[in-house]
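All chains are identified by letter, namely A, B and C, in their written order; residue positions are counted from 1 within each chain.
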Amino acid sequence: MEKLPLVLDLTGTFVFALSGALAGVKRALDLFGVLVLSFAAANSGGIARDLLIGAVPPGAVDDWRYLGVSLFAGIITFYFSSLIVRMSNSVLLFDAAGLALFAVTGSSKALAHGLNPVMAIVLGMVTGIGGGMVRDVLLAEIPTVLRAELYAVAALAAAAIVVVGHMLQLPVAPVTAVALISCFSLRVMAIRHGWRLPVAKIRDQHDSGIAKEDSKDAERS
Amino acid sequence: MEKLPLVLDLTGTFVFALSGALAGVKRALDLFGVLVLSFAAANSGGIARDLLIGAVPPGAVDDWRYLGVSLFAGIITFYFSSLIVRMSNSVLLFDAAGLALFAVTGSSKALAHGLNPVMAIVLGMVTGIGGGMVRDVLLAEIPTVLRAELYAVAALAAAAIVVVGHMLQLPVAPVTAVALISCFSLRVMAIRHGWRLPVAKIRDQHDSGIAKEDSKDAERS
Amino acid sequence: MEKLPLVLDLTGTFVFALSGALAGVKRALDLFGVLVLSFAAANSGGIARDLLIGAVPPGAVDDWRYLGVSLFAGIITFYFSSLIVRMSNSVLLFDAAGLALFAVTGSSKALAHGLNPVMAIVLGMVTGIGGGMVRDVLLAEIPTVLRAELYAVAALAAAAIVVVGHMLQLPVAPVTAVALISCFSLRVMAIRHGWRLPVAKIRDQHDSGIAKEDSKDAERS
């Protein structure tokens, strides 16, 4: 019973590390750069969560298996990148599974450290999306989660189900199952149907005003 | 007396969240991306300060009101962006007020956690400017505070007044008032008169040398 | 005996601060921006290490001398940038020395805080390369350490020697000397001979597949 979460957690780490390594291979990073992206994409979310709740050293720093799994995924991707590219549909499915899992374990750990329910949900989401954000920042890009379809919302849903279940003192196992399935299905359906959140529209007649604001905005930092 | 700082702190959070959300709307982020930028711009400075002084979980993670105010500002900006753009002069004034306030509360909190005076001043400044820096990094831009007119200096002034007042054991209320007013006026005058810090000039005859150095510098990382 | 490490540590800080300030001068940042880059390049690695092992406040925040040395290096670079550019070969040598030193002190501190050997090596490397990574992220660039020749590997070598020596309970002084010399020589020889890690090659026939994957990958964040 104790072993299952760790196995799932390391599975999520592995898949997220694949996505980080792939992004590095595409930018022609060297082997070390690819391995850094593997580790960062797989573990930054959990490290951020642990720093924010005061669980130091973070799990990914204290337990070398997270590093081991991340490096393993990075090395596979580096030497067999065309294989990983060909399997990219499966990678997306695994990624959705990893997201679900990280959101569930992240919000549970935040609750266990005494955070209030609202912030436990937020930290569950951060655990799920943080790795991808750091990966993109290291590549000098705007994190895709800030523009992509319902990625973060799926993580939020899973974290919210865990936290509400905890508050209602429902049994853990079925709540976890419902959370995992909700996040996974929501994410897969968002990919399949191209579901997205709305994007703000700034009307044309204001464009010059916005350009002016842009230079003014540069003054605030 | 206890309530006033929290009200001011949340006001600063609200205004900084507006600036983050506006930046997100301009890059056509989706609703979630805009909300992330709201929260990051408003709370990253305080979170960084709290992590560095060991106050975990950070206030912005422990108290859901910071999240609530940030999301509220983000949603307003998302749906009424042209209104916010039209009010941008007022936003800049509020932003100057937020900067003053964050610098004061940031340096006070650092002193209360036993930091030495010099670093308490630095952490006051970090509280004021950190949010804007994270906002810009997430947008893959060089933080404007590294190039803008006297933004960070105004925060430094407020933090220094707080710390010197503390060392001289002056009464807190008037010192706080002087610090807030100094930062706010310095910032507003810098905007109005375009005051800036000097920028290094590399003389022309060295340009080729610099280009060479550029490639060498790439080796150090 | 106690004084020597601090002197060496501050020397490393000084040289790393030079590299950060130079990068800022080249992007025409103002004086404040240059000083921020000085401090960030010199201290981010150590701060990250200290946050991750739970040593708060981090040394660079608790002891104002790290700030002082960083600002001193930044001001020199700002006002005498052409001098620093002309000395860039020496700067690279000092940088190699700083890298060696930070890797050694970083892994020692991680061991002293009870981290397991594998992660102590990783944190030694992080101490050495973290500053340069933050410097590049602030400049909206992909960190050069992810693409440069054997920079991180040299840091890893030094950290590994320290940790293995600790596990075998060898005397500290000679182990430290061997670690410093190995990292320094490896780094200098990598610069001189252009040694690099391999870069992944994605074969041509897969290019269209990769382009497709690129858009799919954008969905994972």
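Observations on the model:
Definition applied: contacts are C-beta pairs under 8 Å (C-beta built on N, C-alpha and C of every residue); 3 or more make two chains touch, one makes a residue touch a chain.
Just so it is clear, the structure is predicted and the values come from calculations on it, not from any experiment.
Two copies of one chain, chain B and chain C, form a contact in which under half of the residue numbers belong to both partners.
A turn of 120° superposes the CA atoms of chain A on those of chain C, with the angle given to the nearest 5. The distance from the centre of chain B to the centre of chain C, with each centre set as the mean of the Cα atoms, comes to 27 Å. In chain B, the positions touching at least two other chains are 51, 133, 137, 140, 143, 145-146, 148, 152.
Taken in their complex, chain B has these residues touching chain C: 51-54, 113, 115-116, 118-119, 122-123, 133, 137, 140-143, 145-148, 152-153, 196-200, 202-203, 206, 209-210, 213-214, 216-221. Of all residues in chain A, those touching chain C in their complex are 19, 22-34, 36-37, 47, 51, 56-58, 61-62, 64, 67, 78-79, 81-82, 85-86, 88-89, 91-92, 95, 129, 132-133, 136-140, 143-146, 148-149, 151-152, 191.
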